[in-house]
Structures are given as C-alpha cells and as structure tokens.
C-alpha cells in the first residue's frame, strides 16, 4: 500500500501515520520526493486495508498494490480451474460448453421440445428460468417451483444438466434438489447474503456480472462464494450498462482475456441478454468463441412470438444449429472443441 | 404503443400483427407514411406489453407511449406523498428531514454519543448500519443483531427514529421490531424478492437507487413495494456509476427534479456515499437542498480515523453542525424549513 | 414523428400543434387513447424535425420514427459499400484488410523496418501517426510534416498505402499529397468543421467513433462527410468510455453487427487503442474477425520499450505474424479471406 | 511514480528497469514486499513519464503519484484565479457571474430584445452561438460571420460582453474582433490544435468539459491553453454521458468542489445543455450556486417555439427573472453575491 501525502503534511501528521502502521504490525517506508512524500507499507496489505488512512490528516490518497482478492486470483492458483457440472461435462477445460434453452420455462411440452432440439445441435446444458427477476412487477415472474419441476423432468428425459437462477436464499433447498448449476443473476451479483448461502453449498455456481460492476467487484463477489468453501464458481459476462442504446447492454468482450489474466476461474458469455435482439446473437457468439470464452449461454425458443419473456432475443432452433456449426469451426482454429 | 414496421414488411406480416392486437382486445391503427408504416395501439398499453411484438416478422422496433408504472406516478396521485416516520417526523412535506449518524454501528457508547451530537444539531432520524453490504468478504460485515439492539437503545435514549439497512428477507422480523425505516441498499434495488417482502410490511422503506439503474428502473422497483400494499416509500439518490473517478460515484442531482415530475414520492439524497470523501459532503448537501430534495442522509462520525467502515466520507460533529446552519439558510430561501 | 401529449393538454394546445404541422406542409393524425393522446406526423419527418415541438405547450415528448441520416443508411443503399484504397486494396469486400504499423512515426529507419515486417505477415495498409492527439500537452506530439514524409517514403519502398491521422483542416493539402486514407481520430469525431473539409476531398476517410458517442451520433458524423460528396467513408470502432478500468476503453464489439444492420458502410476495429495492453490485442483481434469486421487497425512495434507513444499496446512483429495465421483460419470459417 | 512488478519478475528484469531509471537521471528505490516488489521513482516524475515502463518485461502496472498537469494545479497557484472579462466583470471572485442569452443567434432584433431582458434581470455576459456544432449535418448550422456581427451590435447597444463558440482555428481573427470570451465546446475539448491556437491569444477562454472526459482530461485540456501562455481560462461543467436518459446528459455537480480542490481556475455550470429541458434549469441553477460554482451559462429565449436550436431547454425571460431572485438569496447564504 502506498500512502501519498499532501504537500503540506506536517512532521507530526507523518509520525502519527507511521505510528499507526507500526501498531498494525507493519513497516512504514518513507520516500521523500521533490513534490510529494509517500509512505509505502511493506508486508501484508490486508492488515493495512482495515485502517481508513484516507481519513488521516495529511493524507492525499491511498493506492493499493496488492489485489483485494485471494482465492480467485491467478497467483493463488496458476492452472485454470475446471468445474465439473455433470459426468463428462466440465467448464474450463479444452471443450467449450454450450448451455441453451428458453429464457423462461413456460410449460413442460415446450421445454422438452426445445431441450431436445438444442441437445441435438450439441448443447450440453439446459438453461431455463423458473424464478424470473423482472424489472416490472407486472411482467411474468416465472412458474417458480412448478418450473423447477419441469426442468427436472426435462433433465430426466434428455440427460442434460440444468442451470437456472436463484433469487432468494430461502429457495436453496429447491435448487439443491432440482438444479445442477445455480445461476446468480446480474441484479444479485452484490446480494452478499445470497452469495454466502450458495458458498455454503457445493453446487456449481454460475455468477453473472452486475451491469455496473467492474471486474474487480466481480472477482470479489466470486471471492464471497469461494471463501465460504464452494470452489465451483463459473463467471459469466453478460453486458454492462453504457450510454449506447442500440443494444440492451454493451457486451464487454475484453472481460474474457482480462479475467483469464487475473483469475483461474472459467468465464462464459451470455450473448442473448446483452444484445436483446436475436440477430446479434450469432455474431456475438462467434466472437465469444474467438476471444477465448469457456462456454456460452444462449436463448433458444421454437416460437419467439409466444415467448413469455425476452422473445425478441431468442434464436429459433434451426438458426441455433447453424450457429453451432460455425462455432465449431472457430473453436477448432483456436485449438478447442465444441461437441 | 407504436409498432414501427420495416420498409419491406409485407401485407401478410402487417395482417398478422393486426390480428394479434385484436386478439388482445385492442384496436390497431395503421398509418402509412412515405418511408415508414406504423401501427398505433389505442387502449390499455399494459395488455399489449406482454406480447413480444419485436419478435414478429416485419417489425423494426416498438415504442412505448405510456409509462410502465402506475402507483408511483404523478398521474396516479397528483399531490406529493408525505411519509410519516414517527410522531412529528414526516418526509415529503415542507420540512426537510436530515438523517445522520455513523456508517456502521461500532459500539453502543460511540453510537449514542454520535446520536446525541447529530440530534443537537437538528438531525431528526438516526442512521447506522448493522448489516453491511461490503464489496469484499474480508471487510467488516457489521454487528448484525447486536447492532440492531444498540440502535434500538440509542432510539430509546435520544427519541430519534432509526433507519438501517436490510439485506436478507429472513431478517424482516428483526427490522419490524427494532427499526423505524427499512433501508434497501443500492446493491439490492433489483433484489425483487426483498422488495416484495418489504412491500408486505407497512414500515416506511427508504429505497436507494442502484448504481446502474435508470430512473425508470428505480420507479419500477418502488412499484414492486407499493403494488404489494406498502405505500410508505421514500426514494434515495446516492450516485450512479460513470467513468469519472475522482468521486466514488457520480451524484445524479438532476434525479430530484426528474423524479418529482414523474412521481409523487419523496426523494432524499445521500451525499456521503456518492462522493466517498468528506470534504465534498458539505457542498453536495447544500446543492441537494437547493435542488429540492426532501431530506438528506449524512454520515457523521466523531473519530473517522477509527471508523470500521467508510471513515474517509464521515463528517465530524462540529462540521455537521456548521453545515446544518448553512442548509437552514438555503431551505429558507426556497420556502422550506429544516429543524 | 409521434408527438405525445400531456394528459392535461387542452384542445387549444392541440389545435395550435396541428396548425403548425399543416404550416410545414405535413399532415397531423390525432389518436385519442385512454390515457394519452398522440399526434402522428405522416410525411417527410425531416421537415418536422426543424420545429422544436417539445417546446410547445401541452407536449410531453416527441419520438422520431425515421432515421435522422440518409446517405449512410441501408435503406439508401442496400449493398455493402466497398471502398477502394489503392489498386487491389478494397475495404468492405470479401477480403478483410489488416492495417498495421507503429502508433507514431519515430524515425525513417524504424518505420521502414516495421512496414516491411507487417507487409511480410500480410498487412495491406501501413498505419502510423505523424500528428498525434495527446491528452497532455507535455507528451510527444508527433513529427508532423517530417513524419508525413517518412510515411510517404515507406510507401514508396514497400508499396503499402498509408493511413494517418488529420487533426487540423489547415493540414489537408499535406494529407492529399502524402496519405492514402485520412484518419479522423475519436477526439475529433464531432469536430464538424474538420468533417466538412474531408467531405470536400475524395480521399478515403477512416472515421473513428468518439469515446462517448452513440452509434447514431457516429453515423451522423459519417453523414457529414458523405453529404459533402465524399462517399469513401470507413467506420472504425475503437472502444467507448465506461466505468471499467482494467482496459483503457471498452471495445463495443456489438457495434459491428449493429452498424452493418443500419448502414452499408464498412466497419473496422482498432483492438490496440481500446485495450491499451498488448496481450489483449490478439484475443480481441480474433473476436473482431469472428464478429464480422471488414478490417483491423493494429499497432506493431519492434521495440515497444522505446516507443514514443503507446508502447504498452504494441505487438512485436513475431506475435503479429502468429496472430495473422489464426485470423486467417477464423476468416476462412466465416467465408472470408485475409491475405 | 511506482512501478509494480509481477510476482515472477526476474533479477535481470529488475536490473534493466533500474538501469533505465538511472539513464533518465532519476533514482529508483526498490521495496521488496511479501507478495509484490515495487520500484519507486524519486524525483521529477515528468521525466519518467515519457518512458513506457508498462512495456518492460516483468512490469505489472505503473502508478502515477504526481499530477500530470502543472499550471492549472492548486499547488502551482494557491489563490483562486480571477479572470477579467470586461471592466468590472470578473469570473472567480466573490461575485457569481450569470451569462445568459439564446442558444443561437437568429436575427438582430430578437438577439437585442433577449439581451435587454437578461441584462435587466442581472445577467452580466451575453451568450449566443453564431457557429453551431450540430450532431446532424441537416440541422441549422448558425449564422456564422453574420451572427458574430449581430452579437457585436448587441454588445454595443447593451454594453454586455459576448461569449460565443469557436469551432475552427481559421476563424480566430473573427473572434478576436467580435467576442470577449471564446467558448470551446464540449465536442472540441480534445481538439488540441484548436486549444493551442486559443492558447496563443490572450482572450478569456470558456472551456467546456467533453461529455466523456474525466476531470483529469479536462484539466489537461486547460493545461494546453495555459501552457501556450493564455492564463485566462474558465472551466465549464455541462454534463457527462451516462446511461440515464431522462436528461440529455448527467450534470456532474460534484465536479465543482473536485475541480476547486485540484485547481485554482474558476468553474461555471451550464444547466441548460445538460438537462435539455427547461423546467429542470431552475432547480439545477440553484444547486449550482449552492455547490459553489463561479458562474452560470443559461439559455433564455422569448419564443422557444420558434427557436432554431434547442428551444425546449430555453427559459422565458420572466422565468429567468424569477430564478435570478432565488439565486441571489442562495448566493447570499453562502456569502457570495449576484448582481
């Protein structure tokens, strides 16, 4: 940690800061420059971080040197983490995992029909929402427990593991029973109580990036889960909020190489929610493969006009199938595979 | 609702859209322009909104005319809402209510000492966090239930009602017992399960704007609370996320007149969290009064160096007292009062 | 154009608006809904746009139906535009054009050596800055005219056409003499006087998107150039400003399919400036090819440590060469070519 | 400057960096921490900044300690700068200067009539655009030289000095002749050639903040002007681009106290352009006074329906007059004056 002093900081103020650093069991290191004096703190920065040095007289600013997270960092674990979802289905390995399905579970028949279609095209995991976070209280809120059961039936029929969103810590028993991957949505990325609860389970968690959260925030939210003991964490970039309004969110595709540099966790991309419009899903999916994503979460619906949620962003099964072909080609160029 | 058609939309596609509108019990109105054909929907737009017209062939875009919220809107209720917090303490009336206190409850003595100080200067409500949403799992997470009890004791001693943050629906009984206003933090503004739960109570709710949420999103979150039956909703602007990094967030001060135009709900400002630095708190507080805010949420701490959370943004009691004086002057110029 | 009226708009106010529409030679069309009355304007929206209807009493908001640009739009020209840069070098066709070179021209020898290297790897156009827009007045501002001459010499030796940035309308004669493509930088995307001046030439223009400009703004800036008569306009996405700080800007990769839907102009991507860090350049370049970009603008430097500008984002020639191989593979999967 | 090394940095890499620092005539200072090693550079950071240390092997990141600007900084000049615009009219002193007038000069009679009205209400400077930067080439571009002459005539009649926007360096002679303050618009804040040119004059410059520019960028653009010798620089906050769409831009009101902490230059606020809607102008103007702005730039028009540009954001003269009264009251509370 570097404490930058104001030009007018007094000796007494400097002494006071140094004393406090010693009290924490750390060693201050003073560097008197021509225009600025700084105090470096050698040693474990975590200890220093609990002290609000910005509030000390004479301090202009405080710069962190060390990363604020541990378990999620590349330094903690050099090799990429591979998260096992089901027998033979792992995220973070050489194979890129495609998760597909409807935005919302609407009824059993449609769900199974879509599941069969995406499975045939090569998707390995079935996505579908039973509990839906909707901006408006007047929008369809999901089939809830009934939807969870439909997902479970679709799993039994197709053999595909299920990823679905959890919104309330009180629903965890239901998710332990029916889901294979617990999704934490963008709007709950900093719902820390929920993160702690899924951290206490050992289910794989798919953590979506909040629409206004930096990658540092994102990794700290993953740290919440892992520090509770659940190392099965998959990160998902799904677009951030910017001024651009032709797409619903702005896909931050750079997040993939940035996270891969900072962390060992796998990263997948959701091209459906970020764009909000189906004809952008194919180019963004191909870009996601090329940039190095470990998986994709794609919305597929066989009758988007009748979808109860986000119809405009769903691909029809035949378009999804064509996209899978192209993605396989790109995966092969960069030395990876798609089933 | 206006459905804008693609230039190449066919008659069959137009017919298909019109049929669907009739099915919903609404009346389509076709306008054929030189470059674009549009279909207006006359009648209750809510009914049309459930249909994903963007997913229909031939549709270029869909424009909403009516607001997506009801109970929070000015059209639903013309006069400003006045929310009663405690006998003689109302937010949204002519008096501007100052809520002050430490970021976090640290111990009973300090809390009571700060409470007495802010009360003496004119604050009407005591703020203090017992459950703390922290970006890092390694930061101090609050005293939790113990903190709630300290707040309750401070209330008994000072007579000040308490505003404190709720993060987990399972803690509601605790909040019903010990708090006067339930705060929903920015990170939980779209934690819809939590919104529904506080909507089922009749306690006043202070809903903070999410850092990446538009005012429309914000009003829809308030609509979640009110549509469950709890009309005691106070909105709080606390800064949005932008590229500017000299302040922690960018205070969107325009949100006050904008919300007052769209809604009857009272709006308060939190100048401490948005700036993150104490010496910006006074100018922003004065601006908040001048722009028309109904209240302020200000962090005050008697020893910021020792604060367990957000020390750098806390005002010392004597600075808070001086600020109160100036704010009273400004309130008087615009025809309002501060105690 | 749709004029949405306030619920309380009077008959007199409505009449006044209708009269004004008639005056403009257009036809108002009133639709009285249950909660809102709207006035549609049938006919050429351009004529209506000059009138500030938002300022009329009784008006709540105004919605544009037609696009505000013409020449750049897909409706004006259905087939993609192909811009000829030099004999056999066209942007917007099936071949993806790679433009590479140093950020800044530093000296003749280095420039020629880099030019030879990138040419050997398959780059078709040489990039290099002679006039440099630098945030700080104390940063190196470029070799200016001397740099232009070095670029010209590099062109004579390598046969590669030159793309380089213009900042001042007074330098146009120099650019007409020495450059093949005039680059307008992000900071000048709304320097309308400069746009008009390059619009008067017939040189190909590479227009970079401003860091805070929507795609609509971007297309309108291109419209400035084309409406002056210069149809040789290439658009370049180079990252927008967001809150994320691990990269210098956030590459808005969705801009490629969005622009291709709205416009016939070719779109290239600059992965070097948006990330600011060389090891993100390769994954972003591959993503750019996969998403459908018509070209790339990549910084290459043989000794980044000594670069006078933006060294940290430059690829070394051997890394650039390896990247070209991978990009060729991806181009082939999507049915395109790279030399 | 602090150079943070990668955990795996080798001794050879460290030596190489230290050698380079010595070469620059500076002194490296190595601190070996438990998890990170850093190299501090003692001495003039400017010299170190020209070297792209991020591009050196073994370097993880580089942190600046010193501010990148000089002349604009509080450390360079402790007392606030007071910029003289005309005899008895100074920006940055105790008096808050109100600049008002139409967005665009439309004709002589209207301009003079508005000028007389705003003068009567207490405005000290007349604003009005002759050269207009418009997003669309089809919008009214201003009366240009003719508009400048009308402004000059209005000045002769009313005695009010003129502030008007310059867009092209070739028009400087015209501005030297007819204007009193040269405005550089938001879209040209990083048009560095234009900044250098106005830096060579001695006319007061009103520099508007770019819509995507940080305060650091803003101060560096002012540094361009001052480093050319023109110290008469007034900064203007006019809103930044964010995701919020109920206002045209988001007024960053915190910019006033932030800039006043970092710089000695006066800061004014433009509440008309940031909101884009006249009924937000009054509350934002009052907030601007309360937050400590040194002046305001307000659009006033006597017939907004007929305004050729930005009619919806203009105040009518009687509303402006009422606002002036309230602003005087607020100014007095904070110990300042308005004429």
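Here are some notes:
We call the chains A, B, C and D, going by the order they appear; numbering starts again at 1 in every chain.
Following the convention adopted for this analysis, a residue touches a chain if its C-beta (ideal position, glycine included) is under 8 Å from a C-beta of that chain, and two chains touch if they have at least 3 such contacts.
Please read these numbers as outputs of a predicted model, since none were measured by experiment.
Interface comparison, A-B versus B-C: the higher number of contacting C-beta pairs is recorded for A-B.
The chain with its CA mean position farthest from that of subunit B is C.
Each chain gets one centre point, the mean of its Cα atoms, and the points for subunit B and subunit D are 31 Å apart. Annotation: 26 Å between the Cα-based centres of subunit C and subunit D. Centroids of subunit A and subunit B (each the mean of its C-alpha atoms) stand 26 Å apart. Work out the mean CA point of subunit B and of subunit C, and you get 38 Å between them. In subunit A, the residues touching two or more other chains are 212, 240-243, 245. Residue ranges of subunit C in contact with subunit A, taken from their complex: 212, 214-216, 240, 242-247, 250-258, 261-262, 274-275, 279-280, 283-284, 286-292, 326, 329-330, 333-334. Chain contact summary for the complex, subunit C toward subunit B: residues 2, 4, 7, 29, 31-36, 38, 40, 42-45, 63, 65-66, 75, 241-243, 245.
Put simply, subunit B touches subunit A in their complex at residues 20, 46, 49-50, 52, 54-56, 68-69, 133-140, 167-170, 187-188, 190-193, 196, 210-212, 217, 220, 223-224, 227, 240-241, 277-278, 304-305, 307-308, 310-312, 314.
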